[in-house]
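Please find the structures below.
You will see two complexes here that share subunit A, one where it goes with subunit B and one where it goes with subunit C.
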Partner chain A sequence: MTGAAWLVPAVPFLAAVLGLLAGRRLPGGPAGVAVLGTAVPTGLALALAVAVLGDPGRVRETSTLLTPTGAVPIAVGTRVDGLAAVVAVMVCVVALLVQVYSTAYLRGDPRYPSYAALVSLFTAAMLLVVVSADLLELLVGWEVMGVCSYFLIGHYWQQPSASAAAVKAFLTTRVGDVGFLFGIFTLGTAAGSFRISALLDRAPRLGHTAVLVGTLLLVCGVVGKSAQFPLHTWLPDAMAGPTPISALIHAATMVAAGVYVVARLYPVFVLSPVTLDVLAVSAAVTMLLGALAALAQDDLKRVLAYSTVSQLAYMTGGLAVGGYAAGLFHLLSHAAFKALLFLCAGAVIRTVGTNLMSEMGGLRRGLPVTFATMTVGLAALAGLPPFSGFFSKDAVLGSAWAAATGAARPVLDRPAAWLVFVAGMLTVLLTGAYATRLWLRTFFGTYRGTAVIEEAPTAMRVPLLLLALPAAAFGFVGLRSGWLPGWLGYGRDVAFFAYTPLPLTAPPTPSLGPQAGTALVATALGLLGVLVTYTGWRRAPAADPARLLGRARRPFERAFYLDELYDAVLVRPLPRLARAVLGFDVTGVDGLASGSGSGAWLAGGGLRRLQNGNVQAYATALFLGVLVLVAGVAVLT
Partner chain B sequence: MHLVYPLLLAAGLFALGVYGVLARRNAVLVLMSVELMLNGANVNLVAFSVYLQDRLLGGQVFALFVIVVAAAEVGVGLAIVLLVYRNRESIDIDRVRELADVDPPEPELQR
Partner chain C sequence: MILVALLLLPLAGCAGLLAAPDRWARRIGVAATATTFGLSLALLAAYDYHRGGFQLGVDRAWVPAADIRFHLGLDGISLPLVVLTTLLSFLCAVYTLKTLPEPGRPRAFLALVLLLEVGMLGTFLALDLLLFFVFFEVVLAPMYFLIALWGGERRSYAATKFILFTLLGSVLLLLGILVIYAHTATFDMVRLGRRGGADLPRAAQDLAFLGLFLGFAVKTPMWPLHSWLPDAHTEAPTVGSVLLAGVLLKMGTYGLVRIAVTELPAAARDFAPYLGVLAVVGIIYGALCCLVQRDIKRLIAYSSVGHMGFVLLGIATLTPVGVNAALLANVAHGVVTGLLFFLVGALKDRYHSQDIAEIGGGVLAKAPLLGGLLTFAAIASLGLPGLAGFWGEMLAMLGAFRPAQGLHRGLFLTLMVLAGVGTVLTAVYLLVLLRRVTLGVVPERWRERRFGDVTSVELAAWAPLLALTLVLGLYPRLVLGVTDAAVRRLLGGG
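What follows is the complex of A and B.
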């Protein structure tokens, strides 16, 4: 079974090619190809998981040397262990539900065939990242995802905001990807191989500088792809795409890829505490910034987008403080509840016809299924027990606490761990507040719009109900050390940490279950956030609870003017710089080239004056020349 | 006779010829000036032949050669002059400047 792992990305890729070439002519139409092309890899991934999870610590690898490059060899192959299998299942399930949902959501859209094919391609690229055995192979999937996100965010390209958001997403992630590429080069050349297994094996023997520089450069790509500060600004704008795409990008693919790469190369990252410090600081800033911005947004999808930014920071923060399984736990549970939330938002937006919460309200009667499932999703997002977000968020906070107090084996500096812990706790409070605000503004009070409210069709309701299950109950998977931590090759198998040369001061916690202290404090903070918003709303149900923010509301809504800052510092000066360079090119470089031409022309013009056609003038010159020669000979001899 | 007299004569003839070739405008007179130069050279050849008492009379034979070649040259030259006259009713050498390089327009630079 594990030898056929290459089929997992290959099938959706084939579906994408078929869908693009002959989508309308195939039996079942573009929707049939797309759904089947995602359902088959879902089955394959499940079979793969069953085969792998019996012994998740063992790595099954197939590898073919692609081409002898003369220097560091490049191989193609698959590398499957517990981590890859679990993440592949997550990607496939979310992608399948998004495809099913899209058949209804984009019904009648003339560009649906290309949309469905691109979603398949997106899925294939993410799965390639998940199962690839070689860093350069991984980079291919990574970049294809970037292109697909560009196309899908710009699906409604006739709207200027959508095409601008697509360009912004593409360019912003590209900034990080430059670092990612060079990080791969640095680590690959230092290890003498781009194969992940070889890199992990040789990691402890690599030079300290190579590891530091390589991982820091990789973090650039991770920060871009996973929308961490300071490259997070593309993600809220990416809301211009169709809502199912937001679900796909924000839950299973793209943003998950950055976190996954850190987890995949975790033994290398652990060797460089400085890199983990950087990641931790970035995560702490992103957490708070995203949550504060989410408090003040009026656009339903932008609230969710900023919450994604904030929740992703929990994952990178968890990984940074040494909570390998905790970060991934949150990745998986977040994939479930954020996909659910976005699909619910799609169901709301489809019938209300606007993204703005100021034109919603009181929708719980008209949209009972959406209301119920979204309540589950929001409860998971806010980290209320016993929903999945509670367990995974608590695992992250517990890891941060353990790293900060020194109870766990330190992988980074303790102040950075403290930063993650404090920011994480504050963010729990804020998350409770903005999740409640979204819930109340959308589903309670009186309806402020004019549209006719109707519940979503079956093809949209079924994915909601299916996703509500893991969003509610996935957290219990982390309770037993043999389950999720074991599947991720952690807990049962300490060999993972044997990569690191540092002595183990304390064994890693085998269970991801809640720890009494952090769980109580976090739940109390979350409930406090809920209560503050609720009491504020009760006083004036028609008004936006964001008014409680007072003067801070405006900067929060603009996400601390970071877009304006980038605009002033980077976006506007760059064309000016480009024009200056162009001017130098035209007048300087071109001037030099054409100047040599016209210079020769002018010099030739002087000589041409001698050729005036008067034969006697030539003869005179000849005569004078002879005289000069004779005189010269006479003088010299 | 001292060698200097024929040499002075030859130099005078040659200088006259040079002046004529460089300064006259009439093409026939230019041809005549060429003859003067050739004959100046001939005088030199004969004078040195006598002075060095060349038993093979090389200088004098050369002078005869020069005369023959000069006759042929004048034949060709006069034929050209005749044709020039037929074409433009003038044998003014200053106005025959078809080989002058006229100013072409400066070529357009590739941008």
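What follows is the complex of A and C.
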């Protein structure tokens, strides 16, 4: 079975190609192909999971040469173990539900065929990342996801805001991806292979510098893709895409790819405490920043977007403090509850016709199913027991506590672990507050808009109900000691850390069940957040509880003006620089001569002579310019 | 003999065109380029992939007095470029079936295209320095006339600039060749390659290299010798632009690898840092120029400066991976930029403008297929993994990550990082271009104007390039598998 793992990305890829080429002419229509193209890999992924169930830590790998390069060859193949299988199932299930949901959400949209095909292509790319056996193969999926995200955010391309957001998303992640590519170079060259298994096998012998530089560079890509500080700014804007896309890409899968890659290469990352420190600091900042920004947004989807930023930081933070299984546990539960939340938001937005919560309110009567399921999702997000988020978030906080106090042998420096722990606890408080605000502003009070409210059609309701189940109950898998960690390749017999010769033998198989201390504190903090918001709201149900923030509200809403900063430092100066360069170029010879610092006469006279057709002068100028330039380089190097 | 036939076929087509009446011209053009393309496919079959060195060679005395020989041959370095040339020529002939700019005259137009094809193929096949030079020069005249007669408004300025620059390059190239000859008394590239410059004193090697380097750099074009390119591309007819970007520029990088690096390896080591620096300046500079460019053809032209910068960077590393990357990026750029020029030409045919602001957006709404294809080509051009543009540029950076021994690693690492910045800037201008052209609402002035989406002839001419863009992206071995052995042999690494 695992030999056929390549089918998992191949089938949705085929569906995408068919959808793009044939579109509406397909038998069964674009929807039929799209849903089938996701249902089949879902079945395959489940089969894979069953196949590896007996021994989830063993890696089943196929690999063939893609191409020689003249240096390290590039291979393609599949690498299936418990981690890959579990994440593949997660991706497929969310993608399938999103495809079903989209058939109703985008009913009547003339661009539905290309939309559905791009979702299929996206799914294929994510699954390629999940099952890749080679880092460059992984990079292909990684970037194709980025471009699918670009297209899907830009789905409503008549709107300038949508196309601007699409460009921003692609470019921001691309900045990180350049680092990611160089990270692959560093590790691949040091290991003599881009194959993941070869890299993990040879990790201990790679040399300290290669590991440090390589992993730090990989973190650039992770930070971009998983929307972590300082490259998180694209995610909230990405909400310009259709809401099901937000659920799939910007909550459950693509942003999870960064976390997944860290997990996939974890034995390399743990060799570099500095990298983990960096990851931890980024996570701590992102958690708080995202949660504070979420407190003040009026756009329902932007609240969820910032909460995604913040929640992703729990995963990277968890991985950074050595909580491998805890971080992935949160990845899985978050995929369920955040996909649910976005799909609920879609159901709300579809009927009220706006994203703004100031034009919502009182919707619980008109949208009973959406209300009930979204309540489950929000409870999970806020980490209230016994919903899934409670368990997974607690696992992360428990890992951070253990690393900070030295109860577990820390893989990073202890102050960094403390940072993650404290930020994580504060974020629990903030999460409770903004989740409550969203809940109250959307579903309670009186309706402040004018639309006719109607509940979502069946094709949208069913995915909500199906996602509500894991969002509510998935956390209980954490109670069974060692079960999920075993699945994820952290089992007792599976020498996950056998890869590393560190004195760090496997940290004792962590229990993902709640630790009494952290669980109590976290729950109390979460409830405090809920209560404060609720009390504020009770006093004036029509007003936005964000008013309690006072003068901080504006900076929170603008997410601490980072966009403005990037605008001022990068986005606006770039065209100015470009114009200068182009101006320089238009003057041609002239620019060349003056650039090499010799002779204003060339600047004026050379060009005039060119226009007079004085070929000799032109040729001489050109030649001299080159000579001077080369001489300049010679002096400088 | 098959190589001679490859040159004779388009030449015969050219002669046939001159003899035949005007109304047959297009069909003759397609027939001649199609058979040449077919023959190049036969080459693919006849070529022995397991053998290194030159194959299918022809070696006859030509000017015995000066020991100039008619010496042709094929190896893994030239094979992909030969096929690319015949393919693009064929597609240009197909495209001309329906589209020919003012003043028409398909007979003359296609005769020039066929003559151009002879020159391009000869350049890639020649194994005698002077023969190479002759073919290299043969290309100039037809391209000059294509621009000067079928070009846009400022065609005579552009054509003159083109010929001036390239002639200047040719002079330097010839000087380089003569310096080599002066010390070795041979033009035989095979023998020269085998000797590896051992017969030349170091100073002469450097001098010869400088001549060759500058000569090829004009053609490639390398910054700062590129300024003929934007004008030539802006004014050239679509077919001219496609062949110019698709093949002519490659003659420069091919010559650099085939002659300069192979025959003067020690000098290549001396010059590699300069080449690398200029290449990377070109990458960044080209991208910045694209960012604020108003003319869409000019933009694609500047983008070529950037893309060819990656090719040059690959060569500058003097590593097998870098040179492989250069050869792959050559082919990929030919395919993708050829496609882009076709698409932009189609845009111009419909809007009668190549001004981005004048087109004003909404192409996806006005002509969805054309907009979609433009999007695809732009995404390929920005180097998306999984499409043709990625592998060459990625491997060029990988080459710079660990350059050949004796080159300054710190310098090349810096160059690699800057090239990485260049890839981001490339993505910036292409996405901004898409945003301004394909996305958005159709401006008022175009609402009423009717024009069709992509025609079947256009699609036929573009389909092979679309397919190759995807195939090379998914299976780069198609080129690398052919080049790798030849490149290792060339660099003496294995």
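Here, the second predicted complex is superposed on the first by the 574 of 637 C-alpha atoms of A that agree within 3 Å, B and C clash if a C-alpha of one lies under 4 Å from a C-alpha of the other, contacts with A are read in each partner's own complex, and residues count from 1 in each chain.
One rule holds in what follows: contacts are C-beta pairs under 8 Å (C-beta built on N, C-alpha and C of every residue); 3 or more make two chains touch, one makes a residue touch a chain.
Everything quoted here is computed from the prediction, not taken from an experiment.
Visitor: Quick one: classify A:Arg174 as touching subunit B (first), subunit C (second), both or neither.
Guide: Once the two structures are laid over each other on A, A:Arg174 reaches subunit C alone.
Visitor: Considering only touches as defined above, state whether A:Thr446 meets subunit B (first), subunit C (second), both or neither.
Guide: neither
Visitor: Report the partner of subunit A that touches more of its residues: subunit B or subunit C.
Guide: Subunit A has more residues touched by C than by the other partner.
Visitor: Go through subunit A and flag every residue that touches subunit B in one model and subunit C in the other.
Guide: Correct list for subunit A: 613, 615, 619, 623.
Visitor: Which part of subunit A faces subunit C closely enough to touch in the complex?
Guide: 65-72, 74, 136, 139-140, 142-144, 147, 150, 154, 157-158, 160, 163-164, 166-167, 170-171, 174-175, 178-179, 181-182, 185-186, 189, 574-575, 577-579, 581-582, 585, 588-589, 592, 595, 613, 615, 618-619, 622-623, 625-626, 629-630, 633-634, 637
Visitor: Give every residue of subunit A touching subunit B within the complex, in rising order.
Guide: Residues 590, 594, 597-598, 601, 605, 608, 611-616, 619-620, 623 of subunit A touch subunit B in their complex.
Visitor: What part of subunit B is in contact with subunit A in the complex they form?
Guide: On the subunit B side, the touching residues are 18, 21-23, 93-94, 96-101, 103, 106-107, 109-111.
Visitor: Quick check: in the complex, which residue numbers of subunit C touch subunit A?
Guide: Per the stated touch rule, the residues are 160, 164-165, 168, 214, 224-225, 227, 273-274, 277-278, 285, 288-289, 291-293, 319-325, 362, 364-365, 379, 384-386, 390-391, 394-395, 397-399, 401-402, 408, 411, 416-417, 420-421, 423-424, 427-428, 431-432, 435, 438-441, 475-477, 480-481, 484, 487-488.
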